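Look for chain A in each of the two complexes below; its partner is chain B in the first and chain C in the second.
After this line comes the complex of A and B, so read on.
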């Protein structure tokens, strides 16, 4: 699941689609407007995002409304910040250590 | 992707630099087992035990050691999927304290270890805010 999400988001057009959807649900035609590619090409990108579980489709009459599914996005974001978590914890230990060293020096 | 963290450490720049470059001191705050040849092109190994009791090995080679200013090393670990990433620590004295900038770059973008892609982290950061 996570692999599919990362792979889907490796494309800049699909990332732009996700960014637009992050602001709220959009109709397919609305979503395609700012892109200088055909509606068919945009539809293909949307299908990739749907298969990765990032985008949900709802029928409203003749229109299809797309929205972002937050859960896989959160998973992706959490993995991306794994190294951030690692270094934040390490730097906490580092800071405690050097502050102790500094105090020891002052005593002398 | 890249991780960049800036910290203001209430200690002198000499103390901070030494804590990053004296193997005995590194071992104290990093924990685990450390073997390091502190020299440009010197190799290091650091192994710590994970919560599940497995050894997590890290390897690297020092690229730069500028006293009280900068340390750069390559960084290879299971989290980088065996690929070389790059860790750079830059130190600056600010009002008697030390500003430390940690920049870990060339990290994999996905579980398969895809290479760097610009804007990726910024994108995820913004999206994560929206979906929180």
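After this line comes the complex of A and C, so read on.
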């Protein structure tokens, strides 16, 4: 699941599609509108996102309606936050430094 | 930055390398040890991680020492957490459901 999710999210157009769907479900044509690439190219990106489980497709009459499925995104968030200590520790050191500087000022 | 980070993390061997470096800096040969692929293949993966900014290389005499740079990972975590409401909302609904069930029990 992570392989496909990370791979799908490595493309800026696909991330833009995901962000657009975060505002609500869209028909394929609606979704493609703001992108300056062909409908065929958008469709290919959508297929990659569907295979990664990030986009769901529902048929409504003749139209296909796409919506976001955030579950793979949650896995991505979980994976990346496992490394959180690397940036919070650095922040802790920075905060300790700021406190030390402030204390030094108080002495003067 | 996100393009390269997502792309680098889409491979399970590269994620394993990153996880191994999270425990501390390693020489290339040490790092390659647990992987059942050639040193050349590991080196290629390391190069991809370096280009994505996830791995830093330092020369110590004849050896190259690799360490993790978690900054791109922080960007990945930030990006994915923008979608957090999609899983917390679902959780809120589930919690509301549990509370409703408990209330129903109390009535009996």
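What we mean here is this: the second predicted complex is superposed on the first by the 84 of 108 C-alpha atoms of A that agree within 3 Å, B and C clash if a C-alpha of one lies under 4 Å from a C-alpha of the other, contacts with A are read in each partner's own complex, and residues count from 1 in each chain.
Keep this in mind: a contact is a pair of C-beta atoms (placed from the backbone, for glycine too) under 8 Å apart; a residue touches a chain by one contact, two chains touch by 3 or more.
All values reported here derive from a predicted model rather than from experimental measurement.
Using the contact criterion defined above for the overlaid structures, shared-chain residue A:11 touches chain C, although it does not reach chain B.
Applying the stated contact rule after C-alpha superposition, one finds that A:47 touches neither chain B nor chain C.
Comparing chain C and chain B on the residues of chain A they touch gives the larger count to B.
By the touch criterion stated above, A:73 is placed in contact with chain B and with chain C alike. By the touch criterion defined above, A:101 lies against chain B but remains apart from chain C after alignment on the C-alpha atoms of chain A. Legend: residue contacts after superposition of the two complexes on their common chain; A:83 is shown touching both chain B and chain C.
Legend: residue contacts after superposition of the two complexes on their common chain; A:38 is shown touching neither chain B nor chain C.
Overlap of the chain B and chain C interfaces on chain A comprises residues 2-3, 6-7, 9-10, 15, 18, 22, 68, 70, 73-74, 76-77, 79-84, 86-87.
Chain C contributes residues 2-4, 6-7, 9-12, 15, 18, 22, 68, 70-71, 73-74, 76-77, 79-84, 86-87 to its touches with chain A in the complex. Partner chain B is touched in their complex by these residues of chain A: 2-3, 6-7, 9-10, 15, 18-19, 22-23, 68, 70, 73-74, 76-77, 79-84, 86-88, 90-91, 93-99, 101-102, 105.
Across the complex, chain B meets chain A through its residues 1, 3, 5, 7, 9-12, 15-16, 19, 25, 28-31, 79, 100, 102, 104, 107, 109-112, 114, 117, 120-121, 123-128, 130-132.
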